[in-house]
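Should a chain be cited, it is by its letter among A, B, C and D, assigned in written order, with residues numbered from 1 in that chain.
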Amino acid sequence: MPTMTFAQALNDAHKLEMLRDPNIYVAGEDVGIYGGIFGVTGGLLDQFGPKRVRDTPITESAIVGTAVGAASCGLRPVVELMFVDFIGVALDQLFNQAAKMKYMFGGKAKIPMVLRATCGAGIGAAAQHSQCLEAWFMHVPGLKVVMPSTPADAKGLLISAIRDDNPVVFLEHKMLYALEGEVPAGDYTVPLGKADIKREGKDVTVIATAQAVHTALSAAEKLSADGISVEVLDPRTLNPLDEEAILESVRKTHRLVIIHEAVKFAGAGAEIAAMVAEKAFDRLDAPILRVAAPFVPVPFSPPLEKEYIPSEEKLIRAVKTVMES
Amino acid sequence: MDISKEKMVEMYTIMSRIRMFELRVSELFAAGKIPGFVHLYAGEEAIATGVCANLLGSDYITSTHRGHGHLIAKGGEIQFMMAEVLGKKTGYCKGKGGSMHIADVALGILGANGIVGAGPPLAAGAALACQYQDKGAIAVCFFGDGASNQGTTHEAMNLATCWKLPVVFIAENNMYGISSCTLNSMCVPNIADRASAYDMPGVVVDGNDVMAVFEASGEAIKRARQGQGPSLIECKTYRHRGHFEGDPCAYRRKEELEEWKEKDPIPRFEQKLVALGVMSAEQVREIQDTLKKQLEEAERFAEESPFPDVSELMSDVYTA
Amino acid sequence: MPTMTFAQALNDAHKLEMLRDPNIYVAGEDVGIYGGIFGVTGGLLDQFGPKRVRDTPITESAIVGTAVGAASCGLRPVVELMFVDFIGVALDQLFNQAAKMKYMFGGKAKIPMVLRATCGAGIGAAAQHSQCLEAWFMHVPGLKVVMPSTPADAKGLLISAIRDDNPVVFLEHKMLYALEGEVPAGDYTVPLGKADIKREGKDVTVIATAQAVHTALSAAEKLSADGISVEVLDPRTLNPLDEEAILESVRKTHRLVIIHEAVKFAGAGAEIAAMVAEKAFDRLDAPILRVAAPFVPVPFSPPLEKEYIPSEEKLIRAVKTVMES
Amino acid sequence: MDISKEKMVEMYTIMSRIRMFELRVSELFAAGKIPGFVHLYAGEEAIATGVCANLLGSDYITSTHRGHGHLIAKGGEIQFMMAEVLGKKTGYCKGKGGSMHIADVALGILGANGIVGAGPPLAAGAALACQYQDKGAIAVCFFGDGASNQGTTHEAMNLATCWKLPVVFIAENNMYGISSCTLNSMCVPNIADRASAYDMPGVVVDGNDVMAVFEASGEAIKRARQGQGPSLIECKTYRHRGHFEGDPCAYRRKEELEEWKEKDPIPRFEQKLVALGVMSAEQVREIQDTLKKQLEEAERFAEESPFPDVSELMSDVYTA
């Protein structure tokens, strides 16, 4: 299997799908001549030309809105929002139009589109370029929400997202772009709605998303030295959420810790914890803990940003806490 | 202008169908039979009718909260519309959308819309699909004077010119956005004046003159079809009723309404066609009778249709 | 105590505060000459004039954005978004500007503003005029989120919100506007961050918000006939969330059911359930259940909308389920 | 134009201070000392300087991601800016904001901003406060050519005219929004052409000529102060560096940059002032030396300042 970065895997997915389906177009700010601020769409303009790879003005409502309109008329747009933090100027077209059209029209519409965006802290990009907002998208019936953690998942999930006939929000953590890993060549999909056990364990389930998956894997390695066997489960898609896989793991370990980078309050972890507290309450031997960002905007200064991002140490402490109770 | 008598009669028929449908909707609303919000188009029928008379089945429109007229003019059938407005299973949206969301993508109707200013980006997107597929189809965006101040409208117009999209923006300037008079919500006299901000043609037309609308929009639509990009047509008009049914309309002067009722596009066109000998008084009566029967049938169909079963609540959210 | 409707109570709060503080202005679509689509701002234009009561064009980004700018320069805007469903065209100014300015500026800003909006289903207003989106606002550090259920709370909370020096999102359920109740006359506040026990009980805690408080009270009455004593807790503000009051109630009853109208998945109830599953796990005798809307857009047709809104029957069933386990 | 020699020398000094500060920031960024994104204003200094020379301390500005120049011109002190850019506790924002969020409300600086197009509504709001408080203060909104296509900009301009707000919109047209050339992102030659969509004055000015900017914006600011409402001034310019530090800038021709470097506003103004006898070559050297020393001190101050303690992570979210 070839080795490539997360960004290259996403690039590969774009190219393969665009070759397969002429109805796919890519649009967004700086996706063409620049190749994407993080390089994800590099080379697409040369390969597919300006009809299919469209640099846009700074106009997110129109980027997303034209995608919705075009999708309802037969195209399959893959549009980039650059930073997910910019969703505030384009959200209506996503949640009131793309997500609801099919339902409002009694089934008479189909909106096959992907909205890609980068998320997450770690490079000092501060409060308006570092957020994790997946919980918002999860709360919208009609959307799907994808958040990969490895190059292979990124490629397989993006291809699935592009082939899906529903609007999909595809969130790429910016600290992952340079991550290398083996990625199956050619046509290869990871189904939406299927979690992945990134490490098997029997004492405690740690559910982690995106960049936090790697924090969890590293914590699990250290905890194994203390004799604690951690199962790391990566939902990969937050909607559909693979509840069965989560419940199965918790029924085995009887303990659950959730880690994600978004602020804890009303974050994705709340839904997962609540779901387990409803459906596997009797199998739990300890409180469900969430390790997540504190309730503050993302700070700029490196020591503050470092403290903001949920750390391995905090996760280890949480795991030990649930092991002790 | 090159237009057949049949076409003119058809336009008259469509305008009358819209009016009749809506007056009945207004009665049904007053009788408590229609939930939610109902925004009537009465007084503005010449716009949708004149514009859509230039469109083909393969063309697209986006509409607004005030959508009945656009939908009927684009080929929407009143029995399915009536069923939808009443929340019935046989409605265009199986009762899930209601007046503010009637749609039929197969007819090129991308939906009435509850969000002011949501239509322009959607229409630009439909136009992008038309351009991309290169089959000569185009998109038309109906929007209000109020929507003209929304940022989304600006963005859509700008992007449409940058990409030379085959879209025609039809501003329906009825002088009010709910209670906000255009005199307080914009400082230019014409919405069409804003076309120059994008280097697209901007034209003002009497929105109560269906032939004027037909001609002006026809030019713009031809331009769009020929790949010359978007245009903005502003149609000056007035709504006869409140913003929505139930609006006491205290923000408008009675005389203003009376003045505009004098310019009611339907009797005006009727008189013109009779004067021109295109229709006889007899024919007018026949048309009205037929429309009345059709409306009664539509209403019967809608009334007799069942409400959707509660089991339908969960379907149509995702495409499998 | 005078009796007034929820809408009148809100109107009263506006008038009292505007009399007290000349820096308060009110702006929004149709708030002036129309008096607000639901009548909440009726009479303000006559009483306070067009400088302080401002009808705006349809321009939500600018309505909210000018409020943020004006608030940072010393005014105290109270702006209306009409329907909370419209937030998608104005969200950036709320979550990236209003909420974050103080933090990003190292404390050197103060944004005392209130954003009022109506929410909720029940009148057949369909998918784009019936949503409950409080979970989104809860997830934003820097915002406060208020959601009253009675006329007295509405008045007292709105006055507190106006006097608060932070951006507050104030959510009014449209089915409550006509609700009558006793309301203290004159200056009267309900503090932000304090829950209210709307009915005391000992067997099970039901946490309910807005319109669902009344569903819960009515269910509690019926359940008492079956010998089940239900405590109904109304958080009133979702941020700050009165965790102590919630935990205290759960420690007493050992059982928790949450009811709200927003869709269940990633809704406000998820945070409450997760918080309790973390902090009072050992005091729980049963799974935490959530009664909320299913994962669909709000449908138009009356029977569908009725089925969509979380009902008394569903709540009673949930309470009985937790009582049996 | 009625302007003292001292004022001209001051303007020259401010432009030079901005340039010198930023070139050092660029070196520190290259050395890996500055996290996040840094957008430099080099080449555009005449705009902020010329505009802010008309402003009082009580006036407000909103800035952009490319904010250093605006902030220095409005009175920001470089030691606190340098400290902020380095993430230090002594920075304008205690290190919490960084380059994209430097602000000081007390100086009338409502912040650099990471969201393109967020400034115009904020500036309109500041202007509303000025109008409301009626103390003669005004607001200035700096925004880019790219931001001009954002819906928020349209909304702010429209509302500002409707309410006759004392705000001046300064479009900094440097021909690019990251890699997007204005030729592809708008179809009108001038952003100022869009002023007519709101019935406000729109003026194009050479953004590399500080005196021209000073005069044109001075007129608009006077208008605003006199209660005559908003204006739009477009300043044509060019950025010398990439969009952000680290941008390879492959989307621009080298020659284009060279041509514009010929029009560099700082040597141009320097030569003019020397030719006019306003400054001597000697004085120029003195000014440069002083600036250099001030910069060194600022950098020392910033370098020696501590990072914020992690305990500060949780503060400043809410006002008690």
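The criterion applied here is as follows: a contact is a pair of C-beta atoms (placed from the backbone, for glycine too) under 8 Å apart; a residue touches a chain by one contact, two chains touch by 3 or more.
Computed from a prediction, not measured in an experiment: that's the story for all the values here.
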Chains touching both subunit A and subunit D: B, C
Most widely separated chain from subunit C, with each centre as the mean of CA atoms: D
Length of the line joining the C-alpha centres of subunit C and subunit D, rounded to whole Å: 40
Subunit B and subunit D, separation of their C-alpha mean positions in angstrom: 45
Distance from subunit C to subunit B - Cα centre to Cα centre, in angstrom: 36
Junction residues of subunit B - those touching two or more other chains: 93-97, 101, 113-115, 149-152, 155, 158-159, 162, 184-186, 317
Overlap residues in subunit A, where contacts from two or more other chains coincide: 56-57, 59, 61, 85-86, 88-89, 92-93, 96, 103-104, 126-128, 141-142, 295-297, 299
Pairwise touch network: line, ring, star, complete, or other: complete
Residue ranges of subunit B touching subunit A (in the complex, touch as defined): 60, 62, 91-97, 101, 103-106, 110-111, 113-115, 118, 120-130, 132-133, 139, 151-152, 155-156, 158-159, 162-163, 315-320
Parts of subunit A lying in touch with subunit B, wherever the complex brings them together: 25, 51, 54, 56-57, 59, 61-75, 89, 92-93, 96-97, 101-110, 112, 141-142, 144, 165-166
Residues of subunit C touching subunit B in the complex: 29-30, 32-34, 37, 55-61, 85-86, 88-89, 123-129, 294-297, 299-305, 307-308
Complex contact set, residues of subunit C against subunit A: 61, 85-96, 99-100, 103-104, 126-128, 133, 135-136, 138-139, 141-142, 239, 241, 262-263, 265-271, 273-279, 281-282, 284, 286-290, 295-297, 299, 325
Partner subunit A, residues of subunit D touching it in the complex: 34-37, 87-89, 93-98, 100-101, 113-117, 146-147, 149-152, 177-180, 184-186, 250-251, 307-310, 312-314, 317
